[in-house]
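Each of the next two complexes has chain A plus one more chain, namely chain B in the first and chain C in the second.
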Partner chain A sequence: MAVNTKTAVMTKLQARLSPRWIAALVVVILAFLLPTIIHNDYYIRVAITMCIWGVLCVGFRLMFLAGEMNVGLPAFMAIGAYSGALLMVKAHWNWWLAVLVAAAMPAVVALILGRIVLRVKGAYFAILNFGFLMVVRHVWLAWPKWFGGGAGISNIPSPNAIGGWHFGSLPSFFYLGLCLLVLTIIVFYRLEKSKYGLTMKAMGQADMLTEAVGVNIMRYKLAAFVLCALFSGVVGCYFASVQHFIDPEEFTFLPSLYLVLYPVVGGLMSFRGPIWGVVFLMALPIGLKEIPGYDPKIEPIIFGSILVVVMLFLPSGLVSLPARAMALYNKLRKVRPKEVEEYAAP
Partner chain B sequence: MPLLELRGLSKAFGGLTAVSAVDMDVNEGEIRGLIGPNGAGKSTLFSVVSGFYKPTGGKVAFNGEDITGLKPHVIASKGLVRTFQATILFHQLTVMENVTAAVHIKANVGLVGGLFNLPSTRKKVAHAEKRAKEIIEFMKLGELTEMFAASLPHGYQRALGVAVALAAEPKMVMLDEPVTGMNAEEQDTMMGLIRRIRTDLGISVLLVEHTMRAVMGLCERITVMDFGKKIAEGSPKEISENPAVIEAYLGAEA
Partner chain C sequence: MEQNVVLQTILNGFMLSFVLILFALGLSLVFGIMHIINFAHGEIYMLGGFGIWWFYAEHNVNFILSLVLTMALVAGVGVVLEKFFYRRFRGQLLSGMILSVGLIFVIQASVATGWGFLDKAIPTPGIEEGVVTFLGATISRERLFVILMAVIAMVGLYLLLMRTKYGRMMRASAQDADAAALQGISINAAGSMAMSVGCGIAAMAGVLAGSVFLVNPYMGGTPLLKALVTIILGGMGSLPGTILGGFIVGFTDSFGSTYLSSTLANMIIFLVLIAILVVRPLGFFGREH
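The block that comes next holds the complex of A and B.
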């Protein structure tokens, strides 16, 4: 019996220590070491922005499993950012309390909104969410007395110190953001691999069939919608603190566009794809700036071209590149001599 | 008391009446056939009964309970489960995943359960996987568990469609063209399975099918529809001799 338990534990441990897990662990450790290696503020800021977008894009994938493009996440991020910022600036709340409200507010809004927008699917769902983002931005603008109008909200404080941990420096913000991203990844990865995730995938492939076997589609999608809104809200509050300032111009249609761009370029067919999409497309400008005579104005052209090329030639995104390259290499190695022969024959 | 009871069931799309005042009783333990020429309204009737369309008139009762106009997932949870005409499956999932995903009613894990691997969750998932294996074995798909649904041959896809329906633990299954597009040998296998669904699993069957060989061979009673109306009902022998049925099938050319 004792031996049995021991082997059971060992197999479990071995399963946990698969190459994939080790690779993920190494990446996380390297990410945590980043501020000790790089002392450039600009790079750290980029890394912080990667964490923020990482959270949004990981969330984006969950509803994509069920076939929905949840492009409204920036709206929930905005609601979180504004809830947190107003509580801290106007009511002088502690950051850690404010972030709880910043998580709850978007979740409550999503619970109500979801019942309406989840009645439609596909492009219509995306358009409704897009519309919601526009509405939210204009609410901030329409009541300047409450929401600061076009001038936004400034002097948003950093998170309060807890224990020996003080926040305010860029590396401290990066560590907080990275922790948030890692937490998001754990939560959404577990969900995706669970029976809940399986049902979501089934829904994405044949929603009528899932309904026919008794799945309440609305409840499943609503749960995902609320959870994504909650994480977006937290990340919004974090974003407000990093910047110490927010205004409605942060939440135009552009974030929605990026929310599709990053995951598609990285690869929506895998869990890691959207994360690598964020890392790649955000690191790219750093490299491009090194090119003499490079004008940042052409960045959208480059991003757009990458999107088109990826969609045409790499439907599973950049993360599928190694496998594709390997397949191509094997194919070339095997097929080539034959081809040469055939061409030489006549 | 019949298990499934339709009273004056109607469905109109704008001016077109696809199903017109149909009465039908299907008893427990019965294999009932529903036939009729193309466009007779059989599939629409299926969709109305299973809740995908709201009826414009009439009543559906299942197991003594009024289920008219309920949502499809509610009707399924009451034990009335349908399959689809086309091979609608979870194409990018394996056979095992297809059936496991469909073992839902008794193993609904949800978001919280999925996130926290609670003992109750583990029990539900273990139950779902065990049940899925049993159903896959029953439908003779045991050697294909790891294959993707999309890559299965047509006959096996139909069988998987039925397996998915069985996973929902029905009292009655509504099979939409279960043997269409199969060769005689595959048809015989599927017919054998449908008989076993009734005898071994105690599940009643209502099936729409164009393949007369299968309908005549399987069903005790057959209901015939034409232009949305029920035109005949009876044993296979009665149906094949019924002048109204013969006219419906051959009338235009005769």
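The block that comes next holds the complex of A and C.
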């Protein structure tokens, strides 16, 4: 008995200490050290934006497991941002209380909306989400007395100090965002590796079959929809505080296109793909700016071309590049190739 | 006075519906044959607007000639997109959607860098400015002109689809691609044709919208959303459904904007869509694909 427990603990420990885990830990530690290495405000701002998009893109993957493109996340982000901002600006709530409401509001909306939009799937679902995005944007515009209209809401405060930690400087915002991102990654990673995640994957491959063996598809998808909305709401509240200002144009059609762009370029077939997609595509403009005579206006052309090239030639995204390079190298050395993650269209 | 407003709203509704239907028919046609939703269709429409601006407003080419040139060029763009990008994703809805998102970025930013992102006006073609009074309602001549052109385009499209060999080819491929292929119809050729025709009429919609409103690189977004609502309402891939959906969306838009506000009208369109999808999840004329 004792021996058994010991081996169980050992295997668990071994699993924890696999190279993959160590690599992830090193990346997180490096990320936390970032503000001590880099003192450029612009770079820190980019890193903060990476955290925001990281959360959204990790959430995007959960629904994609079930074959759905949840492009409506910016709308839930907007609901979170607006409810948080209004509570803080008009009712002078504490940030930490407001963020709870900012998480709950989108979740409740998602719970109601999900029952309707999840009746359809695939492209229909994506389009309904685009429609929802449009409606939410018009809600802010239609009642300017409450939501500030096109002028938006300004003077949104920073998070209140908690336990000797003061917020307001860029590095402090970065630490908060990074904690949020790490939390999101842990929650969604555990979910994906659990039985729940497996069921979602099954639904993505054969939804009728999954339903036939007794899975309530609606409940599974609704849970994912609500969870993604909840995290988007939190990140929306965080975003509002970072910017100290929000307006309806921040949450339009364009962010939802970026929500497709980042994960696909990184690679939607793996968990780490979307995160690396965000990091790579956000860091890219920093590098491009160094080129003399570079015009930032052509940035979308570069992004779009990368997306098209990835779709055509690298369906598992940029994160599959090392494995592909390895396979090519082995092929050249006439060694039997290792398995490459293959893309299967849902 | 009251009747005047109602009549004007109706005429305006016809104009909005017709432009929307022209736009959405291309989307529906391509979906029917290739099972792909071309999200870059809004950019095709924008290219139409820019084409007429470049030829007609900038280089003083005759309006009809510029219209034909624009449509032909944009149809060519459609063929290129089909051949190099969409062909290999035929039948893969989500992949096709993702790919077209990439194309949106490329086309939009290319036009914005090439011609700037400011609004551009197009002078009213061939007819003098002014209004026509009809049964007590006043409507501007340019809007009547748009309605007329749209009707001509739709009749032309109807004849093309129903009366020619090519139309029969496309309809057969949309109905059953395998059976059509067994009869010797090339599905690639049908897809290519659907893209060129669809993009051509979307360009025409862009031309017509451009001559009433303004042209800018981001003009494609809102019509795209409305057109997506339209084709879902009517049932994906069904052309009669698209026309019906176009009238519903166009008239909701027109009446909502007149009597409430344009932002509320946009919300109502979405609520109508949800209400109809709850009753009929595949739209009016939709069938399982």
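Just so it is clear, the second predicted complex is superposed on the first by the 329 of 346 C-alpha atoms of A that agree within 3 Å, B and C clash if a C-alpha of one lies under 4 Å from a C-alpha of the other, contacts with A are read in each partner's own complex, and residues count from 1 in each chain.
Criterion: a contact is a pair of C-beta atoms (placed from the backbone, for glycine too) under 8 Å apart; a residue touches a chain by one contact, two chains touch by 3 or more.
Owing to the predicted nature of the structure, the values given are computational and were not obtained by experimental measurement.
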Quick check for you: in the superposed arrangement, does A:I127 touch first (chain B), second (chain C), both or neither? second
So, does A:L288 touch the first partner chain B, the second partner chain C, both, or neither? neither
Contacts of A:L314 with chain B and chain C, given as first, second, both or neither: neither
Residue contacts on chain A - larger count, chain B or chain C: C
Is A:A224 touching the first partner chain B, the second partner chain C, both, or neither of them? first
For A:V108, select first, second, both or neither according to whether it touches chain B, chain C, the two together, or no partner. neither
Using the touch rule from the top, collect the residues of chain A that touch chain B in their complex. 187, 190-191, 194-199, 201-202, 205-206, 208-217, 219-220, 223-224, 227
For a test of understanding, state which residues of chain A touch chain C in their complex under the given definition. 67, 69, 116-117, 119-120, 122-124, 126-128, 130-132, 134-135, 138-139, 141-142, 252-253, 257, 260-261, 264, 295, 297-301, 303-308, 311-312, 345-346
Where on chain B does chain A make contact in their complex? 50, 52, 71-73, 76-77, 81-84, 88-93, 97-98, 100-102, 104-105, 107, 109-111, 113-115, 117, 121, 124-125, 128, 164-165, 167-168
Could you pull out which chain C residues touch chain A in their complex? 37, 85, 88-89, 92-95, 97-99, 101-110, 112-113, 221, 225, 228-229, 232, 236, 261, 263-264, 266-267, 270-271, 273-274, 277-278, 281
